[in-house]
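Look for subunit A in each of the two complexes below; its partner is subunit B in the first and subunit C in the second.
Up next, the complex of A and B:
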């Protein structure tokens, strides 16, 4: 009997990765089909993100930098939609730019899906998409001098200076906050280093879960005033905004898949410790 | 002269941009802004150079029928097609360029990123073996953060998210800040060495 158990544990230690893959597929797909609806509370960084935007008076001008690509969409797209939704609910004026070429169509789609379809907001009056500009940190600094010179035309080819929303908007001094949806580099870190400390403007960020720990020092120092980390951050934010979006729907899958990964780690260690003595012999 | 001139240019450019950061003098800032605009234009030209390089390298592989030459044809065809569609017919919603982006680029990139979930699960199973005390510390913290960051953690133990925030705000942050300060000091010292000409590897040689 003991030998049999030891043999099972030995085979578990060398478990084929394809079996792990099957379990992960199940852990992700099944909760999407049969939701568990596990409730969760809102963490302080997400609450600060929401409160900062909520505290802005109606008509305030916001710079929304959508610096991400389709690769990080599962985490950042729900944030982008929820951010646009809160900005529209608050009747804030949104000026969007992208430092990632792949971010432009995504930002455009988010505006069309929420600002235009749900809130009937007018392009050029309530929001504008200035599009992509290569130059990373140089573009960030350049916006501090002049937004219309850095972006002479918008994503649709209109002259930026002719748009009603851009009236009286010259540089960061005319904006109230920067919201950065960040998939990597250039992203939140560069906005903090180049813009926050230099032009003294508030910044909130939504980033992937893997890069969130990197921004905690900035959050504590006050250089970042709110943070949405990964899909969980998006889900908490959706809860505050009052919607059941992709972030909240993905939470059950994430919960179950994390439990599955934990169980695999546990099984791997039990197998490792049980077979270690035999290996030593 | 071949060495001195680049060092002088590097020193002047570096000094200029550093001083722009610290001296809020309007004339100085305006000059810096003008130089920034030049830099954006130069970077835009780098794209043309990049495209030229891709075409040159890959067409050589196709010509010699080296390994994976078929994929190179696909790469160059995609490049040419997207340039023609983008410049010729625009990139807005409703254009073919945008349709290809949303229906080819988007699912392909999302697929590549999604594969990470499977590889991380497999890697976690193999890597998190508690062989030493350090490995135990790493493994236990990783599992705690992993469970505590998702709703099921809070379902199992109500104050779990607060505990995870403490891990993120105290031990994690302390280590992260130490690494960041160390890296920043290293970057400052390397930057200064480049500016004063002690570090010349960017010119090739030495």
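Up next, the complex of A and C:
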């Protein structure tokens, strides 16, 4: 019996990685097709992200920086939709910019899908998309001097100074918070370094899971007042906003696939240590 | 559902499968999709930067407003292209040196202020045992100190220093583990998104073909 188990463990050590791929695909696909609706709790960084926006008085002006690309859409697109939804629910004025060229059409799509279709918000009055500007950190600092000079025209070519939403908006002093949806560089770290302390404005961030550990120290130091990390963060935030979006739907897959990964790690280690004993003998 | 949407979604599905085929082994389909991504990205960014950078920041100021000094950074930028010539590549060093000088000058004070001083300040927390926060503060303080001791090589890692360094490496490992776990979560999100797209494509095509 013991020999038989050892033989199985030995064969597991030589397991073709493609078999593991099939298991992972199954663990992700099945819960997406047949949802399990596994419940999850809201963590403090996500709660404070939500609370910071919720505490703003109606009509406050918010800068929404959509700095991401289609490559990080699975994690950040659900956040972008949910953020726009909360901003519309609270009747806040949204000024969007992008420091990533590929972020402009995504921000535009999020506004059309939520602000226009669901809430009937008016472009130029309730929200505006100023588009992309090359220059990374220089653009961030330049916005502190003058937003209309940095972005003379919006994404559609309208003169920014002619838009009602931009009336009395000169620089960061006229904004209440910055929301950064960050896919990498330039992103949250650069907003913290260049803008938060220098211009005394609050920043909340929604970022990819890979970059989330880098931002937790900033959360602890108060340089960041709210954080959504990856699909889990998006799902928690969707729960607070009161919607079942892509984030929440993906959480079943996350949970099941994490169990599969955990089991493979466990089995792999048992196989390794058992066969190592035998090899030593 | 119009035909155009179905065709473009089918192209997207085909390219997704081309990329996934690499999981089996390297093949021409994967190479085709990979090269397509590189080509499309390069073309997209070239056009965006031309209309978003060159036209409003160089062409219009110089030709319409007579602000000739915008030519100076343009010349510096063009100098970096000299890197493609073995004979003239030294010219590019001036532009790179200029850029690096500015970047370092801007970065050092900010990095010190935001990433060192502010972070150090955030580590100086009150340690107490009246509630759980006091214990977390102690953990943060110990974590930072032990992590720093691990990277302190002027003393041998023996005795108390050795013990603290060992604790430091354990804390670092926990940090790496958390980072790795979040990376796995990120990668699973990407795969979940692609599988959702494949499922949506299947539903779209069956509805278009058979009406259900």
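FYI, the second predicted complex is superposed on the first by the 279 of 281 C-alpha atoms of A that agree within 3 Å, B and C clash if a C-alpha of one lies under 4 Å from a C-alpha of the other, contacts with A are read in each partner's own complex, and residues count from 1 in each chain.
Convention: a contact is a pair of C-beta atoms (placed from the backbone, for glycine too) under 8 Å apart; a residue touches a chain by one contact, two chains touch by 3 or more.
All of these numbers come straight from a predicted model, not from anything done at the bench.
A.B. asks: Can A:149 be said to touch subunit B (first), subunit C (second), both, or neither?
C.D. replies: first
A.B. asks: Check the residue A:133 against both partner chains and state whether it touches subunit B (first), subunit C (second), both, or neither.
C.D. replies: In the superposed model, A:133 contacts both subunit B and subunit C.
A.B. asks: For the overlaid complexes, name the partner, subunit B or subunit C, with more touching residues on subunit A.
C.D. replies: Of subunit B and subunit C, the partner in contact with more residues of subunit A is B.
A.B. asks: In the overlaid three-chain picture, which partner chain does A:41 touch, first (subunit B) or second (subunit C), both, or neither?
C.D. replies: Once the two structures are laid over each other on A, A:41 reaches subunit B alone.
A.B. asks: Which holds for A:250: it touches subunit B only (first), subunit C only (second), both, or neither?
C.D. replies: Touch status of A:250: second partner only.
A.B. asks: Looking at the overlay, what does A:213 touch: subunit B (first), subunit C (second), both, or neither?
C.D. replies: Both partners.
A.B. asks: Tell me which partner A:108 touches in the superposition: subunit B (first), subunit C (second), both or neither.
C.D. replies: first
A.B. asks: Looking at A:261, would you say it contacts subunit B, subunit C, both, or neither? Reply first, second, both or neither.
C.D. replies: Both subunit B and subunit C are touched by A:261.
A.B. asks: Just checking: does A:32 make contact with subunit B only, subunit C only, both, or neither of them? Give me first, second, both or neither.
C.D. replies: Once the two structures are laid over each other on A, A:32 reaches subunit C alone.
A.B. asks: Quick one: is A:164 in contact with subunit B, with subunit C, with both, or with neither? Answer first, second, both or neither.
C.D. replies: Neither partner.
A.B. asks: Mind sorting out which residues of subunit A both subunit B and subunit C touch, each in its own complex?
C.D. replies: In the superposed arrangement, which is not itself an observed complex, subunit A uses residues 21, 24, 28, 73-74, 102, 133-134, 209, 213, 217, 220, 230, 232, 254, 257-258, 261 for both subunit B and subunit C.
A.B. asks: Could you list, by residue number, the parts of subunit C that touch subunit A in their complex?
C.D. replies: Per the stated touch rule, the residues are 23-24, 44-45, 48-49, 52-53, 56, 106, 110-111, 113-115, 118-119, 121-122, 140, 175, 178-179, 182-186, 188-193, 195-196, 199.
A.B. asks: Mind listing the subunit B positions that touch subunit A in their complex?
C.D. replies: 21, 29-30, 33, 36-37, 39-40, 43-44, 47, 91-93, 98, 101-102, 105-107, 109-110, 112-114, 117-118, 120-122, 124-126, 128-130, 139, 143, 146-147, 149-152, 154-155, 161, 165, 168-169, 172-173, 176-177, 180
A.B. asks: Once bound in the complex, which stretches of subunit A touch subunit C?
C.D. replies: For this pair, the touching residues of subunit A are 18, 21, 24-25, 28-29, 32-33, 73-75, 101-102, 132-134, 137, 152, 192-194, 196-197, 208-210, 212-213, 217, 220-223, 229-232, 246, 249-250, 253-254, 257-258, 261.
A.B. asks: In the complex, go through subunit A and note every residue touching subunit B.
C.D. replies: Where subunit A meets subunit B, its residues are 15, 17, 20-21, 23-24, 28, 38-41, 43-44, 69-74, 102, 104-105, 108-109, 112, 133-135, 138-139, 141-142, 145-146, 149-150, 155-156, 198, 209, 213-214, 216-217, 220, 230, 232, 251-252, 254-262, 264-265, 267-269, 272-273.
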